[in-house]
Amino acid sequence: MNNAAFLVIAIVTLAGALAAATLPKLIHAALCLIVAFVGLAAFFFFLGAEFVGLVQLFVYVGAVAVLIVFTILLTRRDVGKPDKFNWGGIVVAVAVFGGLLWAILKTPSVAIAAAQIPPLTVKRIGEVLLTNYVWPLQCVGLLLTAALIGALVLVMEEKRR
Amino acid sequence: MNHWIVANLWLIPAIPLAAALSILCLNSSRGKGAAALAVLGQIVALVMAVIAFVPTLQAPGWRAFHNFTWFTFGEQALRIGWVLDPLAAAMLVMITLVGLCIFVFSVGYMADDKNFTRFFAYLSFFSAAMLGVVIANSLLLLFVCWELVGLASYLLIGFWIDKPSAAAAAKKAFITTRIGDIGFFLGILWLYSGSGTLLFYDNGHGCLENAGLLLLGASATFVALLIFCGAVGKSGQFPLHVWLPDAMEGPTPVSALIHAATMVAAGVFLVARVYPLFSAGAIDGVTPSLTVVVSIGVITAVMAALIALAQFDIKRILAYSTVSQLGLMMVSLGVGGVAAGIMHLIAHGFFKALLFLGAGSVIHGCDHEQDIRKMGGLRWLMPVTFLTYAIGMMNLSGVPFFFSGGWTKEEILQATTHWHVSHLPHYLMLVGVVLTALYMTRQMIYVFFGNKRAASTHAHESPRVMTMPLMMLAGCSIVLSIALTPAWPWLHSYLNGEPAHFHIARLIQPMLFVSLALVAAGIGLGWLIYRNVAETDPVEQAQPALFHFLESKMWLDELYDWTVIGLSKMAARLSDWMDRNVWDGLVRAFAGLGQFFGIFSADFDERGINAGVDEATGGTRGLGRLMSALHSGQIQTYLRAAAVSVLALLILYAWLT
Amino acid sequence: MITVLILMPLVGAFFVSAAQPNYARRMALEFNAITAILVFMLWKNFDSTAAGLQLVERHAWIPAIGAEYLVGIDGLSLLLVILTSLIFPFAFLAQRMGRGSCVLMLIMQSALYGTFTAQNFILWFLFYEMSLIPAFLLIKIWGGENRDRAATKFFVYTFLGSVAMLLSFLGIYFAKGTFDFATLADLGKHGLLTGNMAWFAFAGIFLGLAVKVPLFPFHTWLPDAYETAPTGVAMVLTGVLSKMGVYGFVRLLLPLFPHEIQVLAPWLLGLAVCTIVFASLAAWAQSDLKRMVAYLSINHLGYCMLGLFAVTARSSSLIDMHAALSGVFMQIFNHGITAAALFYYVGLLEQRRGLRGIDDFGGLMQRTPLLCGWMSVAMFSSLGLPGLNGFIGEFLIFKGSFAVAASFTAVAVIGLLVTAIVFMRMMQALFSGPLAKSCNAFPDLGRNEKWVVVPVTLIMFAIGIAPQFMFNIFNTTVIQMARLFA
Amino acid sequence: MTTLSILLVISAALFCIGLLAALSRRHAIFILIGIELMLAAANLNFVAFWRFGPEPQTPTGVMVAIFSIAIAAAEVAVGLALVISVYRHYRTTNVDRLNQLKG
Amino acid sequence: MIAWTIYVTFAGAILLLFLPRTSARWIALATTVAGFAISLLALSRMPIVDLATFKTIVRIPWVPMLGMEYHLAVDGISLTLALVTGLTAVSAVLFSWDVDHRQNEFFFWLLLVVGGSYGVFFSADLFLLFVFYELVIVPKYFLIAIWGSTNKEYGAMKLTLYSFFGGALVFIGIIAAYAATGSLNLYDLAQFQFSTQLQSWAFPVLFLGFAVLAGIWPLHTWAPTGHVAAPTAGSMLLAGIVMKLGAYGALRVAMNIFPQGFHMWSRYIAVFAVIGILYAAAVALRQRDLKFVIGYSSVSHMGFVLLGLATANALGVSGAVLQMFSHGVIGALLFAIAGTIYRRTHTRDLDTLSTMGLSRALPFAAFAFVIASAASMGIPGFSGFAAEITILIGTWKSYPMAVWITGAGMVLVAAFTLRALKKSFFDTAVSTNGGTTSVSSNASANALPPITIAEKWGAGLLMFATLAIGLYPRLLLDRIMPAVEAMRFLKQ
């Protein structure tokens, strides 16, 4: 695998994420978020979990980002104002990052190479999904439905009045 | 016959009482009916009295009584009863007779009073009570009637209710006599606890009979003195006489009946009735209690006669004369002349009633003017009144032979000579005789002689209904003298329970001349001094200070006002003040103590106990507030906290491993 | 039968509270008529020659503390029951009353019947206190000015006394194990308690009763309370309620503590005499009619106390004891009637004038002769005029006390004199003199008022003239009690 | 430095960036974005551990990631709906002013 | 059967959470009435003999390892207290008829307090008792903190702190007993002979722990504040039931299992009790808030309970139990009326109330308050008297001095009760003869809403109870006395 591509993807992803977290304008941040998600999807591809990457693309880039943009548009009056930035968060975030980094580096057991495995097919995922994970699947389905209804109710509520 | 009257003696007072009650029920417009009822009642009573008189004549010292149980308390029966003896019988006749005359007189005198019926009700009531006093065979019953007599007197003195002075006089009379009655009451109690009975005569067990007197022993003196207190009050004796002149505020017939003839004499009657008590343990007829009676009587007689000299109110003069005469009677009783005293009492009843009614007639004729200085020359204008009044005056002055008063006074003077203790009473009595003649002459001259003055210009003779009783009474007082002559001392013997014998020799005694001289001196002196009286009194001109002293009744009223009454009023006010401030103050202080305890505890609760707890509570609350502040409600804060906690856990983990 | 009598006014109270306010008083009167019939039957059934309690009803109640439901009457009880049934209708008639006050009055009536018939301390105390609350409320709610202070004073005073009494009785109960009056009285003959305990208990009971009577110097609640109480209530207070104290003395203190009373005799007699003299003097100094009558009420109760203390104080002879006890009982009854009547008349005057100062009236005799006449009867009865009821009781009391305590009696007699002065002052100010302008429009006694006045006055005369029927009620009791004290 | 550790570092960085966004921004949508980022970082970790874990045959990590994404999607949907709803109510999406949770 | 009081009450509480608001008060009423009815039924049905000892009715192992059992038992004392609990609960519900703020929740907490109290009174297992005991405290906090009035946080906090403090002491005591015997069964404990040394310290700890809730001086200050802060029903429950829990615990647990310790300390308890009686009465004399007055009167009355307990003789302790009943009823009644006044006038300040002439405006309340005051003062005929005299007779045997001092206390009680009565109902405005009623007070009085039917029923129930027991105390005494006599701490 090419390290260069890996590096590029990593940089793009992190930069996108950083931009999404720090850009003052919401709409810009939302666009940068898409960039970060695309980068993440690339990582999934890179790791051999193509299906997950695809799902990531569809769900996040296709659905979530669009939703966010819609929301931004719907709450435009407020969105226009530049957001204040709380610097205290940075300290905490950096500290947490430091802590995590220290933990990762200190842990010896993760220093193993990846095993060779047959590619993870969609069919296999489907099999596993409908055998081992059928209950979680059902729950997620329920959850999604509930979320859908909940979202609808939340948004509709005002209109009823 | 006699048994019947003894058992039914109660009817004599009961009939006037019934008359009184039925009059009370009458409408006030039925004046004539009321008068008729009252007079009728009195006539019946008179008849009954005469009937009762009859059996007492059958033997000297005859006595009958009828006792019965009033009520029983516990195992003890309280018995009362009535007695018929010469004393009672004579009094009964006198009272009913005088009463009848006065009733008749009142019909005329009170004719235009708007409370005519009430007046007769009161009069009848009085008559009943007085008769009750006379017939009582129990000290308790006597006291009961005695008080009722006082009540009647109170009602009648205050009869003219719209006159404040009348009300004041009534009150004064009631209270003053009540002071005496308190002593009387204590005497009754003492007697009762000493002898165990209150009956006078009870077949040898009565308190006046030997057995009872023995039980009493030495305390009889005190009992007698206490009872005498009652007599002092009722009969207007020296310290308590002040009410009697004031009582003249009542209508004149009242003064005549109650405050001259009957009620005031009740005191004398009382002493006579319980005389065995007074004379118990007597040595030569002298006991301490009798000595007291004599002293009081003497003081009263002389003092009242002196005061009478300086009065201008026609009725007041008579009132003081009454006081004086009552003193005389007391002296008589005290020195042992019981019969003489009672005789004088009866005679006095007639002639004093006569005098008062005459005064009433005069007042009636002079448009209710009572000041003798404003009268004068009435002898031609009111001849009947004048004549009868003169008879009364003769009686009172003690002119002997034809006037009963003369004889009885004579008897008393005789009795005083026999007193072993001192002859002072005798001489003072002689002075009294002179004074009596003097002030009566003064009054006569003022009223009937001389020139007409302000009030007498339109004077007129009173109607027959008023003059008739005058004549009747005048007649009586003259007729009575027959029964009183020393030659045939019938009444004396009758009262003393001895047979009477006729001795013409006794008619003429040395004493008679002395008194005759004194009376003549009195009248002559009076004529000399007063023959040319004008508006001012000759004595006043000569001795203004002395006259004023006498005119103001020796300032006794003022003295009482300042001392006894003032002190009592102060005591009353003090009691009230103590009640409001001291006793109630103590209670308030206790309450305050409780309140203080409350304040103290509340404070302790607030500052002591609560403070500690509040510290703890406050600390907890402070902690809570701190926590609450941390929970700002902002998700980010929570997130931050979570992050920091994760970090902290991490570090902890690192530190542990 | 007694239970029915006690319950009847309560039932009445219940009905009245449910009735129309306008009919309340009439209904209360009807119930009083029923109780009157009951009392009459009681009187009929009562055997006046038999000693001891009669018509006894006894049931267990609270055995744990020795309380039982024990009611019965002897002569004294019967006397007071009769008095109660006389005064209450009189009081109801005296004044227009609302429903509330009618109910309270009926409750009080029931409590009084109970007090006078209960023969067990706890039961007695129950009724004793039960009468307190209605009285308090009646003064408090319907009283005149100053009612708060008066009512509170009344209540706290009497309550203080009650508590003291209760505690003493607890002590007695602990020592003797019974609350039964008769048993205690038997034990009392030989000294109920010993040492300090006896004195404590005596002091407690004495205090409770002395306040109730009231005895000087525990009397200051009374003028205030009576002054402010509405007429009907004042009548009941003085007519019946004050008798509870005297009754208590007769029933409780004297039989239980003869020895202590003997030791303290001079002091107790002194207190009684002080009560008599000071109260009458204080009455003299009053200008408010009601207050004046209230003080006279104290004075009259003082006579009762004098008689009672005299009886037990020294070893007096049986006759004196009989006299004093009979006198006290008579006085209880007489004072009940007379004082109630006086309050009634003062109430009438107040109704007409709106004021009751002694100087607010004048010359009434001209305007309202009947009122004055009848009122004078009550006054003379109160000052002890012979021929009226007051005299006999006082005479017997003095007779009894004179024999044992002559000096005290002599001083006490001053009370009679001052009473006379007070009434004379009252009559002079009210009845005679020129007619005051403010009294010009007074109506004389109305027909209803006559209906009230006549029977009461007749009773006064009846007792004054032929008192034997009264003595019949309690003679046997008197003899029995005298034997107990002797 | 193995691939795994690099991936983990990246994921940690991503997480911290998300944390940064969630902590520092005032706008509700930013917070949502931050949360999404953190979730994504977690997903990356799942997949990475699956790939470099001892049992790559069983696709547990992948499955968890898939579920996680699905849930995240639902969460975003609801979260955004909430934002809209809150915005309608308070006329703001600034979380500083939303302190209704304060006790 | 009697155990059903607990179940019914808890069932009602849970039911409340699931049913709509409109029916909440009816459910609460039905539940409490059921509880009351069950206790009444037990009173009439259970033979008096059975009530003489603490008789097991349910016994199920719970945590066998620690010896905890679900163990219920009943005797006359328990039954009496269950009765007053039921009674107070019913009238508390009636007096909260118009609570409209979070109704379900309100009645839920209320029923929890009631159920917990039933539980305490019937527990025969120390741990179970403690659980129920603590179960009462928490709902109490919410009742006060949410529906209370004046200074409610403070009051609720104080109350809870005190309760927990007391609870902690109780827990220490329980642990001590458990450690010494290895049993939590009250029977076993009551038979066990603890060492004197243990008793000498464990008893005061345990007793004090319970007595805090009974308002022993000087740890009483939670009571007035808590009562004032609580809503009407809360105050009623506090006075009517919760304070009894403490006294009951002291009697059933502390005194019964550590008799020698009790004898060592009883003198001091009596001293504190007497001080409490006098002191609280004196403080009440100075209060301006009607509820404060009643709160302090509660402390004073509970002083009688403690005094009765301290006598250590059958009569005194029986009186104490009777006084628990009596004060439960009277205190509840007093608070109920204070609550009704407050609801209408929105003030409890005595000086303000005194200008309103309430006796005319709220005659029924005035009447009820008079009855309650009379009962509170210990007027014969009301339960207060029956109880107090029994206590005093008992006390006389042990501490004669205390009786005299307490007598003074009774006068103080009368004084402050009268003061409260006068100021709250009978002060100004209404005058009989002149009719000089001031216009303003009339107007304000007329504006007050009348007393509701529910309130009348509630008050009537309590008044009836106090009168019934006052006139015929045997009804309870017959059941209490044998139960007390069966206890072993009695000094003979």
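Think of it as A, B, C, D and E in the order they're written, each chain with its own count starting at 1.
As a working rule, contacts are C-beta pairs under 8 Å (C-beta built on N, C-alpha and C of every residue); 3 or more make two chains touch, one makes a residue touch a chain.
Since this is a predicted model, take the numbers as computed values, not measurements.
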Counting hops between chains that touch, how far apart are chain A and chain D?
1
If I drop chain B from the contact graph, what connected components are left?
A, D | C, E
Of all chains shown, the one whose Cα mean is least distant from the combined Cα mean is C
Highest-count interface - the chain pair sharing the most C-beta contacts
A-D
Based on CA centres, what chain would you say lies at the far end from chain B?
A
Identity of the chain that, by mean CA position, is farthest from chain C:
A
Whole-Å gap between the CA centroids of chain C and chain E:
41
Distance between chain B and chain E based on Cα centroids, please, to the nearest Å.
72
Between chain C and chain D, the Cα-mean centres are separated in Å by 95
Can you give the whole-Å distance between the Cα centres of chain A and chain E?
62
Multi-chain contact residues (two or more partners), chain D
19, 22-23
Find every residue in chain B that makes contact with two or more other chains and list them.
591, 636, 640, 643
Going by residue number, chain E touches two or more other chains at 411, 415
Among all the chains shown, which pairs meet the touch rule set out at the top?
A-B, A-D, B-C, B-D, B-E, C-E
In the complex, go through chain C and note every residue touching chain B.
153, 156-157, 216-217, 219-221, 223, 278-279, 281-282, 284-286, 318-323, 325-327, 363, 365-366, 380, 385-387, 391-392, 395-396, 398-399, 402-403, 406, 409-410, 413-414, 416-418, 420-421, 424-425, 427-428, 431-435, 466-468, 471, 475, 478-479, 482
In the complex of these two chains, what residues of chain B are touching chain D?
628, 631-636, 639-640, 643
Quick one: which bits of chain B touch chain A in the complex? Just the residue numbers, please.
636, 640, 643-644, 646-647, 650-651, 654
Touching chain B in the complex, chain E uses residues 153-154, 157-158, 161-162, 218, 220-222, 278-280, 282-287, 411-412, 415-416
Of all residues in chain E, those that touch chain C in their complex:
315, 318, 359, 363, 370, 374, 377, 379-381, 385-386, 389-390, 392-393, 396-397, 400, 403-404, 407-408, 410-411, 414-415, 418-419, 422, 426-427, 430-433, 472-474, 477, 481
